[in-house]
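Below: the structure, in structure tokens.
Letters A, B, C, D, E, F, G and H mark the chains in the order given here, with residues in each chain numbered from 1 onward.
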Amino acid sequence: MDAREVLEQVKSGGISVEEAERYFQKQPYEEMGYAKLDTYREIRSGFPEVVFCSRKADVHLKNIYKRLYEENGEVFGTRASVRQYEVVQEVLPQVVYDDVSHILKIEAKDKTRIGEIAVCTAGTADIPVAEEAAQTAEYFGANVNRIYDVGVSGIHRMLSHLDVIQRANCVVAVAGMEGALASVLGGLVSRPVIAVPTSVGYGASMNGLSALLTMINSCANGIAVVNIDNGYGAGYIATQINRLAVKGE
Amino acid sequence: MDAREVLEQVKSGGISVEEAERYFQKQPYEEMGYAKLDTYREIRSGFPEVVFCSRKADVHLKNIYKRLYEENGEVFGTRASVRQYEVVQEVLPQVVYDDVSHILKIEAKDKTRIGEIAVCTAGTADIPVAEEAAQTAEYFGANVNRIYDVGVSGIHRMLSHLDVIQRANCVVAVAGMEGALASVLGGLVSRPVIAVPTSVGYGASMNGLSALLTMINSCANGIAVVNIDNGYGAGYIATQINRLAVKGE
Amino acid sequence: MDAREVLEQVKSGGISVEEAERYFQKQPYEEMGYAKLDTYREIRSGFPEVVFCSRKADVHLKNIYKRLYEENGEVFGTRASVRQYEVVQEVLPQVVYDDVSHILKIEAKDKTRIGEIAVCTAGTADIPVAEEAAQTAEYFGANVNRIYDVGVSGIHRMLSHLDVIQRANCVVAVAGMEGALASVLGGLVSRPVIAVPTSVGYGASMNGLSALLTMINSCANGIAVVNIDNGYGAGYIATQINRLAVKGE
Amino acid sequence: MDAREVLEQVKSGGISVEEAERYFQKQPYEEMGYAKLDTYREIRSGFPEVVFCSRKADVHLKNIYKRLYEENGEVFGTRASVRQYEVVQEVLPQVVYDDVSHILKIEAKDKTRIGEIAVCTAGTADIPVAEEAAQTAEYFGANVNRIYDVGVSGIHRMLSHLDVIQRANCVVAVAGMEGALASVLGGLVSRPVIAVPTSVGYGASMNGLSALLTMINSCANGIAVVNIDNGYGAGYIATQINRLAVKGE
Amino acid sequence: MDAREVLEQVKSGGISVEEAERYFQKQPYEEMGYAKLDTYREIRSGFPEVVFCSRKADVHLKNIYKRLYEENGEVFGTRASVRQYEVVQEVLPQVVYDDVSHILKIEAKDKTRIGEIAVCTAGTADIPVAEEAAQTAEYFGANVNRIYDVGVSGIHRMLSHLDVIQRANCVVAVAGMEGALASVLGGLVSRPVIAVPTSVGYGASMNGLSALLTMINSCANGIAVVNIDNGYGAGYIATQINRLAVKGE
Amino acid sequence: MDAREVLEQVKSGGISVEEAERYFQKQPYEEMGYAKLDTYREIRSGFPEVVFCSRKADVHLKNIYKRLYEENGEVFGTRASVRQYEVVQEVLPQVVYDDVSHILKIEAKDKTRIGEIAVCTAGTADIPVAEEAAQTAEYFGANVNRIYDVGVSGIHRMLSHLDVIQRANCVVAVAGMEGALASVLGGLVSRPVIAVPTSVGYGASMNGLSALLTMINSCANGIAVVNIDNGYGAGYIATQINRLAVKGE
Amino acid sequence: MDAREVLEQVKSGGISVEEAERYFQKQPYEEMGYAKLDTYREIRSGFPEVVFCSRKADVHLKNIYKRLYEENGEVFGTRASVRQYEVVQEVLPQVVYDDVSHILKIEAKDKTRIGEIAVCTAGTADIPVAEEAAQTAEYFGANVNRIYDVGVSGIHRMLSHLDVIQRANCVVAVAGMEGALASVLGGLVSRPVIAVPTSVGYGASMNGLSALLTMINSCANGIAVVNIDNGYGAGYIATQINRLAVKGE
Amino acid sequence: MDAREVLEQVKSGGISVEEAERYFQKQPYEEMGYAKLDTYREIRSGFPEVVFCSRKADVHLKNIYKRLYEENGEVFGTRASVRQYEVVQEVLPQVVYDDVSHILKIEAKDKTRIGEIAVCTAGTADIPVAEEAAQTAEYFGANVNRIYDVGVSGIHRMLSHLDVIQRANCVVAVAGMEGALASVLGGLVSRPVIAVPTSVGYGASMNGLSALLTMINSCANGIAVVNIDNGYGAGYIATQINRLAVKGE
């Protein structure tokens, strides 16, 4: 129903002024005082709201998890600590915590997964970020292939997995230190590469800034970059691309 | 034909040792001395090789344009100067130059365009970069809608074009100065947003670095970033996404 | 008239569906193809649209100046070059150019000015930026006192103008190099200080970044900062404050 | 009494040489050895001295709180820790601590508040900084409306509070990550926006530097910026503006 | 055996398709699930794989040490903590830990050392990084002379060791703070100098970035630089150079 | 005469109220509209005002030179261009220009020089900055020894001039690129070293920032640093030190 | 005795070849294995060696303190922790620790102090760095006046101490945050100002980098800068200048 | 002849005091006033002095070229402009200029070249820097293989030249933009890789700083880095390594 239709309904009495006002106020969220839960979010964007656990107060976290679980039958949060896991367990005992990715979730059973995303890392230290990406994409309904520890200093390791990488609808390239993985992948595949710099490294890596610059400056085509350690963001956009690829328009 | 198949054909005599050798040498490029034209590139990636004209020597530029045109029946280059236009005209008089996007090309006639990409700019000064993105995507076969001068300081201008933006398979957000356009778009659409920081601005914009940081740190989902002023890169990855959306797997 | 009132008028037939639709479309701007002139801006913000001349194409600049002059009876642009002055003169011969501030304008006669703003500079090289601030504030209807060349390395020069500075509703502090002027002023006045770092300096001044950092880190209270060389921005916000001071709520 | 009057009084014997000397020495503060309490500050600037608790030695903190409370009947400090709260309680049992804003204060009863300031945040993690701003402004005598969690990635949430934001004399925009909130607000209101970047974020947010750059480069008018996490500074300057608006000149 | 020979062997049946496939897949490593041990590495590069212990999970570290020790009869890791030492001791009781260099190793007995490398430091605080370099080079089979605490602020200390430094095949210069050691050494020797900036320093040393810049900008010839605190990297390349010097081609 | 004495003179009638007022107004400068000439500066600081010619408007430059020459019988300016030389010649034909240091001056005859300052450079490209320092010090009355091209990559060149360097009251160390000269000098002399980073270099020298960091982080004692290319500043402070050394208290 | 004299003594038999060799070996330091104590340093530079305690191993620290105390009858170290104080007490029970400046020392009794140095701070949080400077200068034999908490946001506090500041042979200006103190002092005194940026501040102060830039870019004359928090370095060079002033050449 | 021998000769009268003094003064260079030609340099380091032409004054350049040519029978300079070529031609008509590498030289005939160095570039725009490296190494007597345009975005191009690269004694990796070439090469060869970042790129490449960071952070072993665009430096150190490899100790 577009604006004109709403207005015509108002005129004809089909809907009340109050209903129309709400339509135009664009206020489809629930007020919780300390936060505005975007419960219509799934309808608008096709994705449920996800909890960024880091720095959340215990009482807020508990309530948000409870509320979202009641609303959606599942709930998913990133950057959770072990202590936060225990806190949420008090209200949702079935909650599951993965201490590699730091994801804290209750996932509905028997969800279908579609398409194929490849998540690659340069080293083993990049795996926590890669798992955040992979599990995010899986939660949002994508099949994920993990190809870890295929950094450019041993290019033969990557070449031997090229078929899996090349057939994915989207490739997520996770790398710290000099972050060259994305460029090499970009030259080898025909699908979009989402590059995730990580804070792995020391000295002049400047907590991932160096890898970020490498990826932004990539001479290869078909590469776009998300924030340092932002596995979630990469998993999200990879899911968007994978959905487009599977469903078409 | 994968490696095992090649080898079994070698064993059975189906293909000669020489043919197999070429397969494994992975050398599908043409040596020009000063450059290696990646002529098999279209087969590998689905995209023909594009010329980055900036800083190329005249004689090299002429030969590369000529060679690629003979190979593909069309040729496309970015960051060309007016002088380079004149240089290429000597060998390819039909070459066309656009002094907004600085694209220098010969495009085949009657190419079909598919899908839909939205290219948005924050201001009018961002248009040259946006045009590089838009014309790149069009050359690679996508339909493009241009929505220019809809920066966040006048949010009503963007809201009035929301329908066109929301129905695109991929949105390209081009902005300099503080680069907030991408975040606002990311919150309003369900498809991937490719953010392009531009060097438009002064003072603390640091030639686009500030806009780049804004975009990388975006709190909105579904945003990935390319290099400052890299309209071409955004047009390329937007095309990849658009193709996936139209054709599916 | 707020949204509810509009809707009730629609219901009662007081206004037509078409009028209401326009209200909710929030599209009060004029489409020029390459730019969207925000002609209702003065109503919304109390300030007419101003032209940022730098990098504008000649033909666009001419049309924008012409259109805004027709709309408002006056027109004001910043960062204009001498050449742009000549271009605009072709369509608006009465246009006036100031080669210190690089402001290009036609100003209505007999405008009233209210209140008082003090614009201070550390050195003589900061005057172009200060003039951009001062003339912007004057164009928007404020009285301006200029106190130039009172940098902190000769603190007695500033102290002797303290009365003029202290009685202003807002103080604009313009300084390059180490930018300490704002801190000293902040400690001496009870009204807001808008600090403008300038690109004046060399070496580690990094084109004004050092002065920007100084001002942002100021230990004095009542200081807020705009972009490097952004005299216009300082003049604008100083005018807003001056208006509030004169008119009250 | 200005300098000439003082001197004439000296000549005529109306005041002693010693009194005049003190006048010219401009020494209206109290020497405490380790610190110089600016007890005339309220007269000079209209604001009482505020304690920046961070890093202060316990014994100094106790004495400063005690002395200021005796002088003014109230006392206000920012960036206090829980431990510092306990320390000050020893001498001032009635002191109150807010563990969100980290403000430690004794506030006089029945103070009148005037005008209206709007304090907005992009996310919930920005609330501590926003509360420092809001409570500072309230302590200095302003009415404050809090509009939290209205970041640009869900622009509809902000639009639904536009009336409260637009009627404030000054808007404080508190945001971390990409900090785009200030630009969008700047385009929607006619009063000054004081932007506060926060250290909320990770990776390329560089502890708030990215948000600071975004805000400094804002394309919207009427925005000035304070230091990262400097809620106090924003509350202070917002109070100055609010006072001017209410009281006029 | 090169590619053509392999293919001719396939054709003639000399080797099987599977063997040939493995040849072309370039997959000479062992898959451990969480990491890909590069066990052919010693053959390919002349150096055994070394363990970067920092951030490795305990169970992974134990298995990697065990597996590499079984493969090579010795094992060498850098950036190990005391706790990691205890962890590895559980499976390899003979493992040795050096708490200056943080190297954790089992070294084969009676290894021959060749040539001569000089490892110099500017101060005593640089010794941990220098020891990582020195012990790495010794493990890889080089003789090492240590010349510590010869920084440029007391140039006579370095000059008195000039003979030892000048006769080395490669000089490793380890320095933090301003990092000037490498330049002075570069002017005094005829062999390559590998410069290692360290994070020793404070303030504007920015954790070694300043020393890194000093060394990269060195006006002396024959200097190349590795990452901040990367003693291992310097020891590795110094060994490569020393081997070339001793063995020739 | 200090403040109390002035006041007592006022009381006793020794000086008039007007004279006393001027004393307290601390306004010992001459207002030129666009600049405030600090003509009492020599009395206050012991140094006459110096002109920073860069960016000065022609008409201003001419008047300032004329006015200062009339006041002091000599005049001295830095960073002058050849064109500015010609401009000033119109009013002061006897003005002298040095195209190495870019100093433009008229110097009184028969001035006495005292003490000894050593000005050292790392390379020949640093000489323009060194000459600005040396000629500044000479103009202010110091004897200067120049020791050029003694950079640390050939330490023997510096050692052979050690006697001249060591006997100076103050050493000025001018160096670009990695800027290690100051540290080595600091270790060899017992007098203060004023370090001047220069913008000589390329790549990671970042226009002198790298040399600045080197010098600020120096491990040697007795070193303080001025801005990049600020030969004048170094000559000034070296003169202050030299005067103290010669005259004592 | 210079080189020629030594050689002539060798020729004449006045000194033996062995003695002369030692002279030319320039090895006047004591080798401790892990460090080279520069025991002739006092003769060469006029200053005894000082211990930088931070990061020193306990056993090394003990030995160095013991050895230097035996050599000189006093010993002085900076950046010592309370724990290091306890460690040194084991071997030197009379050692004294100051927990403001973190200086750990045994000072000879009845040392004469000469001249006058002024040490100023902007705020109270800068006092630890100022005390490091002041006590260093006192240890090296200078009289020091402390003028603390005179930052530029309350300029009257500094003006009231101007006489003490102006009569010093050298002024040390210690300031964090925006670091403007040095510029204001530089304009008010005729003697050298040594500026010490401190890491006091938050947000964009970037741990003192912002104050460092402010001071390096100062528009005032007679200012040179040492590293962030380097109170020792400032005390050292101030002592050098003070000695020159008192003793003359 | 070492120091003791000299001294014994002095004692015995075998050499004069003056001769011995010169020995100890370490002054083996020729004084030219404006520069100190290091004519003994070839003996000390095995390399003749090379001219860094950039910014040299014409008259100095001419004399230096002439003097070095007379001394060595050949002369070699980098970063020369076409105009400098013409200037030197006046005194040395046989001088040769290469407008790709900007090298200006007279090279002796029939020089032998030894060993093998591989110089690789990522793109064609990196060739000028690569040629500076290659021609430097050739001038100093090394054989050089050029492998250009083998960047990581088309890894097959590099793999097809692997044999030439792997057999070199030293590999020079020249790359701008993201600079990933060095890492991939480092993983494929067993000899040292000297990485040269170039200023090729735009936007976030920050004139080569991004490539520099990539290379410094490389996860591959055996890589050390020189300054941005420093082809000469890479050619020099590659020559040192090649000489060691060919000649052994």
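The rule is simple: a contact is a pair of C-beta atoms (placed from the backbone, for glycine too) under 8 Å apart; a residue touches a chain by one contact, two chains touch by 3 or more.
A quick note: this is a predicted structure, and the numbers were derived from the prediction, not measured.
Novice: Quick check: more C-beta contact pairs in C-F or A-C?
Specialist: C-F
Novice: Find the pair in A-C, A-E or C-F that has over half of its contact pairs, by residue number, in common with B-E.
Specialist: A-C
Novice: When the centre of a chain is set as the mean of its C-alpha atoms, what distance in Å lies between chain F and chain G?
Specialist: Centre-to-centre distance between chain F and chain G: 25 Å.
Novice: Approximately how many whole Å separate the CA-defined centres of chain E and chain F?
Specialist: Roughly 48 Å, centre to centre.
Novice: For chain G, give me the residues that contact two or more of the other chains.
Specialist: 25, 154, 203-206, 209, 212, 216-218, 221, 227
Novice: Touching residues of chain F toward chain E in the complex: what are they?
Specialist: Residue list for chain F touching chain E: 122-123, 151-155, 177-180, 183-184, 186-188, 201, 203-206, 209-211, 213-221.
Novice: Can you name the residues of chain E that touch chain A in the complex?
Specialist: Going through chain E, the ones touching chain A are 25-29, 34-36, 38, 54-56, 60, 197, 199, 207-209, 212, 227-230.
Novice: Going by the contact rule set out above, which residues of chain G touch chain H in the complex?
Specialist: Listed in rising order, the residues are 3-4, 7-8, 10-11, 13, 17, 20-21, 24-25.
Novice: Hey, which residues of chain D end up touching chain A in the complex?
Specialist: 124-125, 127, 148-150, 154, 156-157, 159-160, 200, 202-206
Novice: Looking at the complex, which residues from chain E come into contact with chain H?
Specialist: 44-47, 115, 169, 189-192, 194-195, 212, 216-218, 221-227, 233-234, 236-237, 240-241, 244-249
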